[in-house]
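Chain lettering (A, B, C and D) follows the sequence in which the chains are written, and residue indices restart at 1 in each chain.
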Amino acid sequence: MFFASDNGAPVPEPIMDALTRANQGQTLSYGADAPMARLRTQIREIFEAPDAQVHLVTTGTAANSLALALYTPPYGATLCHRHAHIQVDECGAPEFFSGGAKLLLVDGEHGKITPDTLTSALTQTDGSVHSVQPTALSLTNVTEAGTTYTTSELTALCALAKSHGLATHLDGARFANALAATNATPADMTWRAGVDVLTLGGTKNGLLGAEAIVLFDPAKSWELELRRKRAGHLSSKMRYVAAQMEAWFDGGYWLDMARHSNAMAARFAAGLASVEDAELLHPVQANIAFVRLPAAAHARAKAAGAVYSDLGGGASRLVTAWCTTPDEIDALLAAFRG
Amino acid sequence: MFFASDNGAPVPEPIMDALTRANQGQTLSYGADAPMARLRTQIREIFEAPDAQVHLVTTGTAANSLALALYTPPYGATLCHRHAHIQVDECGAPEFFSGGAKLLLVDGEHGKITPDTLTSALTQTDGSVHSVQPTALSLTNVTEAGTTYTTSELTALCALAKSHGLATHLDGARFANALAATNATPADMTWRAGVDVLTLGGTKNGLLGAEAIVLFDPAKSWELELRRKRAGHLSSKMRYVAAQMEAWFDGGYWLDMARHSNAMAARFAAGLASVEDAELLHPVQANIAFVRLPAAAHARAKAAGAVYSDLGGGASRLVTAWCTTPDEIDALLAAFRG
Amino acid sequence: MFFASDNGAPVPEPIMDALTRANQGQTLSYGADAPMARLRTQIREIFEAPDAQVHLVTTGTAANSLALALYTPPYGATLCHRHAHIQVDECGAPEFFSGGAKLLLVDGEHGKITPDTLTSALTQTDGSVHSVQPTALSLTNVTEAGTTYTTSELTALCALAKSHGLATHLDGARFANALAATNATPADMTWRAGVDVLTLGGTKNGLLGAEAIVLFDPAKSWELELRRKRAGHLSSKMRYVAAQMEAWFDGGYWLDMARHSNAMAARFAAGLASVEDAELLHPVQANIAFVRLPAAAHARAKAAGAVYSDLGGGASRLVTAWCTTPDEIDALLAAFRG
Amino acid sequence: MFFASDNGAPVPEPIMDALTRANQGQTLSYGADAPMARLRTQIREIFEAPDAQVHLVTTGTAANSLALALYTPPYGATLCHRHAHIQVDECGAPEFFSGGAKLLLVDGEHGKITPDTLTSALTQTDGSVHSVQPTALSLTNVTEAGTTYTTSELTALCALAKSHGLATHLDGARFANALAATNATPADMTWRAGVDVLTLGGTKNGLLGAEAIVLFDPAKSWELELRRKRAGHLSSKMRYVAAQMEAWFDGGYWLDMARHSNAMAARFAAGLASVEDAELLHPVQANIAFVRLPAAAHARAKAAGAVYSDLGGGASRLVTAWCTTPDEIDALLAAFRG
């Protein structure tokens, strides 16, 4: 009964097998290898974006910060939700990578920015030389609250951003879960909606450590290469990073895993209806549930071996993964029910 | 006949097996896992340093830059050899991680700093407010020229550095090869010689991507944690990084591999004596050889399928790895001989 | 009728005379001059702080950012009021000087932080490696809303800050006005209240461009020297900066000017009571007034030649200076009355 | 007998008078004042550059670093002479302002870069992702060795730089002295020679503290504004900075002063021929002399009250200023002669 995070899960067999397959002979390093070449082609096909540039790193924080540094100069600012991972959980990485640009915070219920809250946040600066200059909007799908943006919501936000001269970044640490939840295509969820750069996360959905920065503006590619190297994020033995992600895409395996973890969270949310005094704090739309429960319920679950995050005041965060089983969900619910 | 780099080699079986063993069940992330705990203990034992702190990253550039940022404030300077990896091959990573500190370059034959050249380099600054303030010395063993420092050489340089108030960093991207070449113990090569922080490289000696920052001053550990996170170098699924290195140390396997690659380079150097007009540019003391050869010799080797780096003017760099075979060396020499 | 800012005022005669007096013969540069030596002594006496270190720069933004950089490492955070000058009006200077540290925003009516809002703001981070680490509190007196902190309020906030391990900075861009408003001594308003470093502003109170960073912890002095030089804020002809401030302190002239500008703002606030539909948005406690007025009143004042800042919705900011006359205030009020 | 630096000189009467004239009434701040508007026009006329943008700061270090930050991204590099002020005397300011870009050092006798040494320095990087990317060349005229570049030398170096894709910066801390020495026009010495951005120094030639960044590419102006503000270098009471420089240009006063200080250095150099065992270390082409003398000569000069910098080994640097008198030169020479 492990619900602490989807990054606590093991790696599925097909990914491990891909590592073994990639482990043949000697090859040029730093991305001049066959798995990287194949992955690049694969991502371009999956995203219907023949000119997209693909760069791999091993953590989501690196992917987000490198992507944003391309679009936010030191005197610029990135707008993001008040609870965005880049604001709350990256120890200032966006500020580090950008040379000290600010994050300007946007409100919004259930972790979601709306056109109204974005418009309101843009009044934090006045355009004068005394203010930082907003240059980018960062959206997250699946959000930190476990909710999702539809493609039409993303499209509206990107259009508003562009009308203010902002570039657009999508933090897709759980991009597969967002696709699975909304049945959108990768293209619809990104460049067709107006997204300039995507952080495409694999680590939270079964990989050892692989995240792709997908640039829909290929002109930014060389700058990204230099920033990645300079940040120590150019892996010499890139084949082992690329091979993970190649196998992940293969046959739609990434979406299969995401659908499964989403389904487990949905099972949990549905079952919670019959738990006394349980309250969902946000709609459960992907693989994360925020719930408030009586202390006794928590105590029973912990005693039964459940692992998840306590947020104070009886609130908790639970995350399902590709390997979560219906039995685990049911056992957790049973413990909550008492 | 692949001699382009030791980071082009595949990963040996025992390391792959360790990944499989680590891939069991769910676990807490960000280093709160069993392999990381075991590795920390292992490194403390191997280095006879019970208080040492160990932090993992996946690239050598990250390890070097994070280590140096602890000891070089933005207004400081790190002294290093003119051809050090941190100066030449990291796209300015030390400057990035330190917030713009300078590298001050030290001369020295065959990639090695001497007390004389270090003393001379220290005169580049005058201690006034107009100068950056030297705060650290970075040494590399094995050097970029393929040579090694003995422990007594390191001890003398560290003592000189400390007498000028400098902290000391050892870039051990090929630390195992340096140990194998000199028969020094890990402790003798590091803290007993006066080294404050070690970049202990595994990637060039058989791992997929794992480097340890070993802090002999544990008080720096929390700052390093924060800087690592902020730089996007805190792997969530740390167990897969730690497990690689754990298996690497197991039974001295790291040194076995290093001894082998060193032996292959020595075989090459010895055989070169019988190649007409061949010249070694630096003593071959570990697993790298720099050689100047006639164009015809290069042409024959390339035609035979040899892969290595050309440096211009007939000079080349060749690197052996754990998987290099005597047959490959002999075939290369045969091609050179014509 | 100029109320746009106190930095639009000319420089009073005694300050200009001091420049002329300092302009004798040749002297060593970079602060090794007689006016700087005298000023240092003078500030130590005025602040009853014999060990304080004094460093001059020419802008308030530089003074604030250099002071904060001493106490906020890149992975740290400075807490400040949501409307603090360092957050709103310095184009990200604190982020630049600190290497990308965050500002964490604190709420509070009328520009003032309270123990409650500070306590609440400290919950924005959780102390884990994923969060930036709060390391400093920056207070402003006179606040951006034109209100003042009493020494007991400052003392309580500094004590709370220290109990959380935070250093304390006071942005005293209008420090003289705060002293004049509260009748506090310089020592009571700073180190006795628990302030570690003060930005002591002269430019808004009659100087051409001179701000002192007063360090109550002298151990930080050398680092400040280096950061100041590195930021291009070490003036070679320091005597002309020091001489301004020396004359300003002389005979309490700084406080005379501040008392005058405060009195002019008080006259304005008092007179506003008889202006129909006029509303003060914040208490007028120093030399700044925020007022909401009907459009017709604004139109009459502008037609009469009044210059001040419009904030939207009928709200305006008016600032008095050492040279503001009672007649100007009365003329403005008359225009508002119509 | 003060020869320590030209920044030890007092400020001439016409400049002080200009401050008094500027000190009338209240005005908008941050550069929206009449003296700044007039100065902008004046510089455009003097440089025959109607589109040039002019931004003032108060120190040369700030001017150089801000100018370079426009042309050198964090992953870039500025090439400069090994002894350039930006490398040796600014405590790492270019690295700070650029976000950690490197300076790559160029050799050259007497402080001057040549096409050959520049070409050679460009081989320090290989264009790969592992290297920083050279993006700018910074030249200094008058050089740190007291020599000057002719306009044809500058033209050749700028052309070579541009052929490698580098932008060009001229550090003109002593620009007036360079013009006076070479009889070049401001346009010929800058944009006609291929210079993109000029640091035009006034402080070493009579001003209290005023340096202009002259952008020959006006498209960079807004970015410079933001970087200047963010670095704390936007003076609120700009009129006092602008007025200094306006009076300096007026009637060619800047060149009169420079011609005088150059003439004083020439008088010194000529007189030195009759000083036994005296040796000029560099040609004296402007207002700086480097000389090696016997210890006894130095002792006599110091005893007579001469102030100048000792560089070790009997070498010294002497700088003349607008206020240096022939009598002072003669007295110094007499003391040297004994």
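By our rule, a residue touches a chain if its C-beta (ideal position, glycine included) is under 8 Å from a C-beta of that chain, and two chains touch if they have at least 3 such contacts.
Just so it is clear, the model here is predicted, and its values are computed rather than measured.
Visitor: Let me spell it out: compute each chain's centre from its C-alpha atoms, then which one is farthest from chain D's centre?
Guide: In terms of C-alpha centroids, the chain at the greatest distance from chain D is A.
Visitor: Decide which interface, B-C or C-D, involves more C-beta pairs in contact, and give its chain pair.
Guide: Between B-C and C-D, contacts are more numerous in C-D.
Visitor: Calculate how many whole Å lie between the centre of chain C and the centre of chain D, each centre taken as the average of the chain's C-alpha atoms.
Guide: 34
Visitor: Would you kindly tell me how far, in whole Å, the mean C-alpha position of chain D lies from that of chain B?
Guide: The computed centroid separation for chain B versus chain D comes out at 42 Å.
Visitor: Distance from the CA centroid of chain B to that of chain C, rounded to the nearest Å?
Guide: Those two chain centres are 50 Å apart.
Visitor: Could you say which residues in chain C touch two or more other chains, in rising order?
Guide: Residue numbers touching two or more other chains: 74-75, 90-92, 96, 99, 129-130, 226, 229-230, 234.
Visitor: In the complex of these two chains, what residues of chain D are touching chain C?
Guide: Interface residues on chain D, with respect to chain C: 2, 4-5, 7-11, 16, 19-20, 23-29, 57-63, 65-66, 90-93, 96-97, 203-204, 208-209, 226, 229-237, 240-241, 307, 321, 323.
Visitor: Give every residue of chain C touching chain B within the complex, in rising order.
Guide: Result: residues 30, 73-75, 99, 129-130, 133, 223, 225-227, 229-230, 234 of chain C touch chain B.
Visitor: Any idea which chain C residues touch chain A in the complex?
Guide: So the residues of chain C touching chain A come out as 74-75, 77, 88-92, 95-96, 98-103, 129-132.
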